[in-house]
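Lettered A, B, C, D, E and F in written order, each chain numbered from 1.
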Amino acid sequence: MKLVTAIIQPHRTDEVRAALEAAGVKGVTVSEAAGYGRQKGHTEVYRGAEYTVDLVPKARMEVLVDDADAASVTEAIVSAAQTGKIGDGKVWTVSVDDVARVRTGEHGSDAL
Amino acid sequence: MKLVTAIIQPHRTDEVRAALEAAGVKGVTVSEAAGYGRQKGHTEVYRGAEYTVDLVPKARMEVLVDDADAASVTEAIVSAAQTGKIGDGKVWTVSVDDVARVRTGEHGSDAL
Amino acid sequence: MKLVTAIIQPHRTDEVRAALEAAGVKGVTVSEAAGYGRQKGHTEVYRGAEYTVDLVPKARMEVLVDDADAASVTEAIVSAAQTGKIGDGKVWTVSVDDVARVRTGEHGSDAL
Amino acid sequence: MDSGNIAWLLTSASLVLLMTPGLAFFYGGMSRGKSVLNMMMMSFGAIAVGAVAWVLVGNSISVGESIGGLFGDPSTDFLLQSSFVSGDGEALIATGFGATFAIITVALISGSVADRMKFSAWMVFAFVWVILVYSPVSHWVWGGGILSDGGPIFSEDWFPQDFAGGTVVHINAGVAGLVLALLLGVRKGFGKVPMRPHNLPFVMLGAALLWFGWFGFNAGSAFAADDSAAAAWVNTTTAAAAAILGWLLTEKIRDGKATSLGAASGVVAGLVAITPAAVAVDPWGALLIGAFAGVFSALAVGLKFKFGYDDSLDVVGVHLVAGLWGTVAIGLFGTTTFGAWDGLLLGGGLGGLWAQIVAALVTIVYAAIATLIIGLAIKYTIGLRVSEEVEISGIDLAEHGETAYEEAK
Amino acid sequence: MDSGNIAWLLTSASLVLLMTPGLAFFYGGMSRGKSVLNMMMMSFGAIAVGAVAWVLVGNSISVGESIGGLFGDPSTDFLLQSSFVSGDGEALIATGFGATFAIITVALISGSVADRMKFSAWMVFAFVWVILVYSPVSHWVWGGGILSDGGPIFSEDWFPQDFAGGTVVHINAGVAGLVLALLLGVRKGFGKVPMRPHNLPFVMLGAALLWFGWFGFNAGSAFAADDSAAAAWVNTTTAAAAAILGWLLTEKIRDGKATSLGAASGVVAGLVAITPAAVAVDPWGALLIGAFAGVFSALAVGLKFKFGYDDSLDVVGVHLVAGLWGTVAIGLFGTTTFGAWDGLLLGGGLGGLWAQIVAALVTIVYAAIATLIIGLAIKYTIGLRVSEEVEISGIDLAEHGETAYEEAK
Amino acid sequence: MDSGNIAWLLTSASLVLLMTPGLAFFYGGMSRGKSVLNMMMMSFGAIAVGAVAWVLVGNSISVGESIGGLFGDPSTDFLLQSSFVSGDGEALIATGFGATFAIITVALISGSVADRMKFSAWMVFAFVWVILVYSPVSHWVWGGGILSDGGPIFSEDWFPQDFAGGTVVHINAGVAGLVLALLLGVRKGFGKVPMRPHNLPFVMLGAALLWFGWFGFNAGSAFAADDSAAAAWVNTTTAAAAAILGWLLTEKIRDGKATSLGAASGVVAGLVAITPAAVAVDPWGALLIGAFAGVFSALAVGLKFKFGYDDSLDVVGVHLVAGLWGTVAIGLFGTTTFGAWDGLLLGGGLGGLWAQIVAALVTIVYAAIATLIIGLAIKYTIGLRVSEEVEISGIDLAEHGETAYEEAK
C-alpha cells in the first residue's frame, strides 16, 4: 500500500476532496500546515512597514491507497488542486508496510 | 526502524499513551487532524438547517520504533483506541531509513 | 528522493529554516505538534496544585530532498536545532517513491 | 436643566454607542474565521460614517423643522451649530443620543451581507442610508412627522406607539437587510456548507454588550431618569429573559438541544420585541412578548433556506420578525399604566392594533424601495460584491490585508 | 422622586446585570475548551430563569410583607403587579436591581459544577434555588427578616452589617457550590490532569466586567447617588487593588511566579470581601480587607486537592472564604463614619464581631441544608450528572450541539 | 450635594476604571500570542499599584495644599483620611475619579515595552511613576500648580486649556513610553519579523471599551452632569468617528487597504486628540481635530522603523502625536461657547497657541527627565529587561508560568 501526501492551497480542499471521492478513495485525513517553496520572498506592507512573509498557510491531505491506485490518485489531486500559480504545492508517495483498521483490527488492503 | 502513525478518536489519546508506555515506547509525537472514512455522511441540524458534516476531528500519533517492535506497538494502539464504532481510525507503518537525536547527534536505534 | 521530518523545539524554527536555506533546500512544510520523549515527567505548580505535564509543544518540519542530500540536510537540521537540552527532538528520513509539483504536474527530482 | 436627567442621558448615549461594537462581536463571532474582521469593520465603519452623517445633516432631517411631515429641514442644525451655540445640555446630549441610534440601525443591516460585500460599497451605502432612510423615518415617528400622533394619518385616540424603535430601527433595518441580501445574491456553498459560527464566546459577548447597551436604548428613550425609564428597564429585562427561554425550549423540542447561539439570539429577539413596547405594557405583557419573540424568531431563522435568500446572520429572522411582533403586540397587550392606549386584550378595541400595523407597513414599503434604489445605484457604479476568489480565500485578507488570528509563536 | 437617584439606580441595575455575562467569561475562560459553552450557558440560563423567578415571586418573597421574619408573602407583588401599577420609579427600579442580585448569586454557584452537570438539571436547580434559598435569605438580611437590625436575634446596638451581600450573596453561593460539588463528585482526572484555563484573556475580560459591574453592586446598594455611594465606590476600588497585590505576592513567594489567573482571581476576592463592608470601614480598612482577602483566597484555592472535593473553578476558595473574611472583618475594622457601629480594633468591643459571626453561621447552615435537599431531589428525578463519555468527549457538543471555536477556513 | 452630579461622577469613575482593562485588550490583541498575558498583566498591575499609590499619597500630591506650585503636600490627605472623614460625596468620588486617571496614564506606557520588560521592574516603575511624575504634573495643570490659569507663567487672558488630559495624560505617557523604549532597546527581530497582532478582534474590543470609558474620561471631566458634559460627549464622538475615517483613508491611499488595526487605532487617536479640547471647540473643530489626528497618527506609527526605537505598540505614534496635535489645535480652533478663549482661526490671536505650546513643552521636558531617572535607577538595581531566551520562547511562560490559550481537548 501507499501513502499519498499532498500539500495544497487551503481553498482547494473542497475540490480535491470531491476529486478523491470521484476516484473512489474511501477516506482522507486532513490537517493544517504552512510552508514555502518557490513562493518564498513575497513582501507585504502593514502599518507603514514592509515585511517578508515566508510561511504561507497550506492544507495537508493524506490518503492511504492500494499500490495500483497511487499514480491515479496523485494525478487526481494534482489536477484538482492546480491553479497554475506559485504555491500550488506538492504531492508525494511513500510505501506503507502495513495498515490496520482500529475498529476491527483488520490489516492490509482490507483495512483501507 | 519503523514509523508507526495512528489516526484515532481524540478522546482515546490518554488510553493510547498509557498503552504505549506500557509497551515500553520511549517517545511520541502528537498532532491534530481531521478526517473521514466510513464515518462519512453524518448529518446534523443547526439553527433550523440540515448539514452533512464530513470532517471529524482526530488525533494523530507518531511513534518511532525498532523494526521488531512495530507489530506489537500497532496492536497496542489498536486495542487501546478501539471503541468498536465507526470513526475509530487507522494505524499504518512506514520504513525509516535513519533517525537522529537532535540533542546528541546520535543516529540509528540509539537515537530512539 | 527522501522525506526528512524533524520534530524540534518551536523556538529553533528560524535557525533551522536559515540552515536549510544555506544548505540549498528549496522548500519546507511546517506544522504544529506536541510530544514527549526523555523530557517526560516534568512537573509544574499551578494555583497551588502540582501536575505532571507530559506533552510539550514542538514544531514539525518536513523537507523533500534528493537522495544524495538527505544526510547533509539531516546534519544541518541537527546542528541548527541543537541546544543540548532534553526535548531537542528527533529527525528521521523516509524513502519517497514519487514527488509531483501541483502547479506544473512535473514528477521526480524536477518537482522538488 | 435637571442634572439627574442629563446624567441618565449621558449614560444612555454612552451605552447605546457601545451596542455597535457589541454587534460587531455578535455578528463577528457568528461569521467564519476568514471574514470576522470584515464583519466587525462594517460595524466600526457604520460608527464612523453614521456619526459624521448625523452631525452634518441627519439630526436636522430627523428633528429639524418639518417639511410636510416627511423630513426635517437639513439646514436647521447643520453641523449641530444651533444645538451647540444654544448651550442647552439636554438638547445637546439628545443629538448625541440620536447619533447612536442612527449608527446601530445601519450597522444591524450588515448581518445580511456577510462574507461578500465590498468594504467601499458598504461605507457609501451606510452613509447614504443614514441620511435618506433612517433620518426621515425617525422624523415620521419621533420628529412630529406623518407617523406621529399629531400626524395626518392617525386620530387623537389611536396613533402608533413606538417607544424606542420597533419601526424606526428594527423593521427598517430588517427590511433593508433583506433587500441587500437579495441584491447581493447567496454565498458560495449557501445551504450546503455548514458555515458555523467561528467563535461562539464572541457571540455571547456581543449579546451581553447589546443587552447592557439596550438599557440605554430603551430606558434612555424616556429622555429622563423618571418612572417611565424605570418601567422600561424592568420590562426590558423581563422580555429578554423570557425570550431566552422561548428560544431554548423551541430548539430543545425541535432539535433535541438548546444551543448557545440560541441563547444569544434569544436575548436579541426579546430585546427587539420589547423595544417599541417598553413602557406600553405591564410585566406580564413583557413576559409574553419576550417568550413569543423567542419562539417566533427561532422558527423564522430557518426560512432563508426554504426561500433561498442568504440573510447570512439572520437580520430578517431576528430583527424584522421580532420587530414586527413587538410592534403589533402593543395592539394586543398595550395598557395605560405608562402607555398611551389599551390594547385589544385589555378591552381597548382594534384601533391601536390598526395604528401599529399601518405604521409597520408604511415603514416596510419605504425601507424596501429606498434601500433598493440605493443598492442598485451602488451596484451599477462601484459594484456591491467581491469576486468569488476573494470570497473563497477570505474577505479579511483581500479587503483589509489582515487575518484575525495569528498562531502563537 | 429624585432624578439623580433614579439615574444612579438605573445605571447600577444595568451594571449588575452585566456582571453575569462577565462571570460567564471569568468561568468560561477558566474551563477547558470543550466545556466553555456549557459554562457560559449556565450563566445565561441563570439570567433567564433568575429574572423570571424574581419577577414572578422572588421579589415578593424578598421584600414582601414578612411572614414571621422568615420570608415575604409571595402574593404581595406577584408579577410585579403592585410595584408597576403604583408607578413609583424608585420602587420599580429597585425590583429590577433586586433581580440582578438574584441572578448573579445563583450564577456564581455554577463554577463548582464545571464540565459535568446536565444543563436541564442546572436550569431547574437555578429556578428553584432563587425562590427557596436566595429570596428568603435576602429577606432575612435586607427585607426586615430575622437577620435585620429589627430582627428577633439582635439588639438595637449590635446587629449584622451586610451592605451589599457578604452573607446573602457570597457565603450563600459559596456554600451552595460546595454542596453541589460534593453531590456531583469529582471530574475524571481531577487532581491528576492539569485542566488549565483554556483562554486566560477571557478570564481577564470576565474579571474586568465583574469589577465594572461591581460598582453598581456596591455603590448601588446605597439606593441613592449620595455620600455613602461615593464611599462605597472608593473602598471597593481600594480593596480590589490591594487584593491583586495580596494574591500576586502570595504566588510569587510560594510558586516563584505571579500569574494572570491570580490577578483576575485577586480582583474577585477583593471585591467579594469588601462587599459587606463597603461603607462600614475607612480606606485603611478597605486596604487591609482587600490585601488579606487576596492572601487568604490564594491559599484557600489549593484546599480542594487536599480534601478531595472538586470545586472546579473555586467558588468556595474565592466566594466562601473571602465572603466570610469580609463579613467577619467588619467586626474588626468597622467604623461609624458611614457604618453602624465600631469594630473591635476601633474600640467598639466584641458585639459587632459576634453579630457578624452569627449572621454568617445562620446563612451557612440554611444554605447547606436547603441546597442539599434541592440537589438530592434533582439527582433522584432527572439526574444531576452527564455520562462519563460526554464528560470526556466534551459537554459542549453533547448538551448544546456546538463547539466553541471553528477552524478558520 | 447634587444627586445628579454624584450619579454622573460615580458612572464616570466606573467608566474610566474600565478603560484600563480595555487597554489590556487593545495592547494584548496587538502583541504576539506568547506575550499577551504579560501585556495584560502590565495593565492589571497598573490598576493595583496605581490605585494603592493614589490612595496613599498620589491624591494629596495632585490636589493637596500646593508647595510652590510644584506639588501638593503628600500628608494633606494620606490614605484619603481627610476626604473620607469629611463625608462629602462629591469630594470623595472625585478622589476615586482621580485614581482612575492615574491608573490609565501609567498603563498607557506599557505599550512601548511589549515582550521584554521584567514584570517586577514594571510594577516598581508604575508605582514610582504615579507618585513622582503623574501626580505632580496633574497638580501643575489641574491642582492650581504652575501650568494652571492662576500660575506664575501665564496671564489672566492666556493660559493653557487641558480639559481632560492632553498634557497630563497623553503627552506625559507618550514621552515616558519613548524613554522606556530607548532604555530597553529593540526586540529581537524588530523591523525584520512582522510581529503582527495575534488577535485583532481583541484589539477591536479594547478600542470599544476605551471609547466607552472615554465618555467618563471626557464628559466626566466636567465634574457635573451639565451643559459642558453634554458638549464634551458630542465632541468626543464626532472626533473619534472622524479619526477612523482619517486613518482608514490614509491607509487606503498609501497601502491600498483599510485595516481593522487602523480603525481601532483611529478611534484611539481621535479620542486622544479631543481629550484636551473636549469643550474648547465646536463640532466642526472636533471634526477637524479628529480627522487630522487619524491622518497624523497613521503616518507617525511608521517613524519608529525609520529612527530605530522599538515603541512596540505605538504609544508615541498615537498618544504623543495625537496628544500634541489636540493640545496645539485648541490654539487654532478654540472657541468660547464652552471654552476659555478664542483660538487663532477664530480671531483670538496667538496667545492661546503660545500657552498650549509652552504647557506641552514643560510636560515633555519633565516627563523625559523624570522617567529617565526612574528607568535608570531600576535598570541598575533589579534590571529592566528579561533574557533573550525568555524573549524568544515567550515572556508569558517565563514571567507568569502560563500560556494564554490551551488547545481544546
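Simple rule for what comes next: contacts are C-beta pairs under 8 Å (C-beta built on N, C-alpha and C of every residue); 3 or more make two chains touch, one makes a residue touch a chain.
It should be emphasised that the depicted structure is a prediction, and the values quoted were computed from it without experimental measurement.
Asks: What's the overlap between the neighbours of subunit C and those of subunit D?
Replies: A, B, E, F
Asks: Does the subunit B and subunit C pair touch with the same residues on each side or with different residues, judged by whether over half of the numbers are shared?
Replies: Interface between subunit B and subunit C is built from largely different residues.
Asks: Report, in whole Å, the distance between the mean C-alpha point of subunit B and the mean C-alpha point of subunit D.
Replies: A distance of 50 Å separates the two centres.
Asks: Averaging over Cα atoms per chain, report the distance between subunit B and subunit E in Å.
Replies: Spacing between the chain centres: roughly 45 Å.
Asks: If you average the CA atoms of subunit D and of subunit F, how many Å lie between those two points?
Replies: 34
Asks: Return the distance between the CA-based centres of subunit A and subunit E, expressed in whole Å.
Replies: The mean C-alpha positions of subunit A and subunit E differ by 52 Å.
Asks: Quick check: what residues of subunit C touch more than one other chain, meaning two or more?
Replies: 10, 31-32, 44, 46, 94-95
Asks: Hey, what residues on subunit D touch two or more of the other chains?
Replies: Answer for subunit D, listing residues that touch two or more other chains: 2-5, 7-8, 11, 196, 199, 205, 225, 255, 259, 261, 401-402, 404-405, 407, 409.
Asks: For the complex, which residues does subunit B have touching subunit C?
Replies: 1, 3, 17, 26-32, 64, 94-103, 105, 111
Asks: Taking the complex as given, what residues does subunit F use to touch subunit E?
Replies: Residue positions touching the partner: 1-11, 13-14, 17-18, 21-22, 24-25, 28, 36-37, 40-41, 44-45, 47-52, 55, 79-81, 84-85, 87-90, 92-93, 95-96, 99-100, 119, 199, 202, 205, 225, 399-402, 404-409.
Asks: Would you pull the subunit A residues touching subunit F in the complex into a rising list?
Replies: 44-49, 51, 53
Asks: Okay, in this complex, where on subunit E does subunit B touch?
Replies: 392-393, 401-402
Asks: What part of subunit D is in contact with subunit E in the complex they form?
Replies: 2-5, 7-8, 11, 15, 32-34, 196-201, 204-205, 207-208, 211-212, 215-216, 219, 224-231, 233-234, 237-238, 240-242, 244-245, 248, 255-261, 263-264, 266-267, 282-284, 287, 337-338, 394, 403-405
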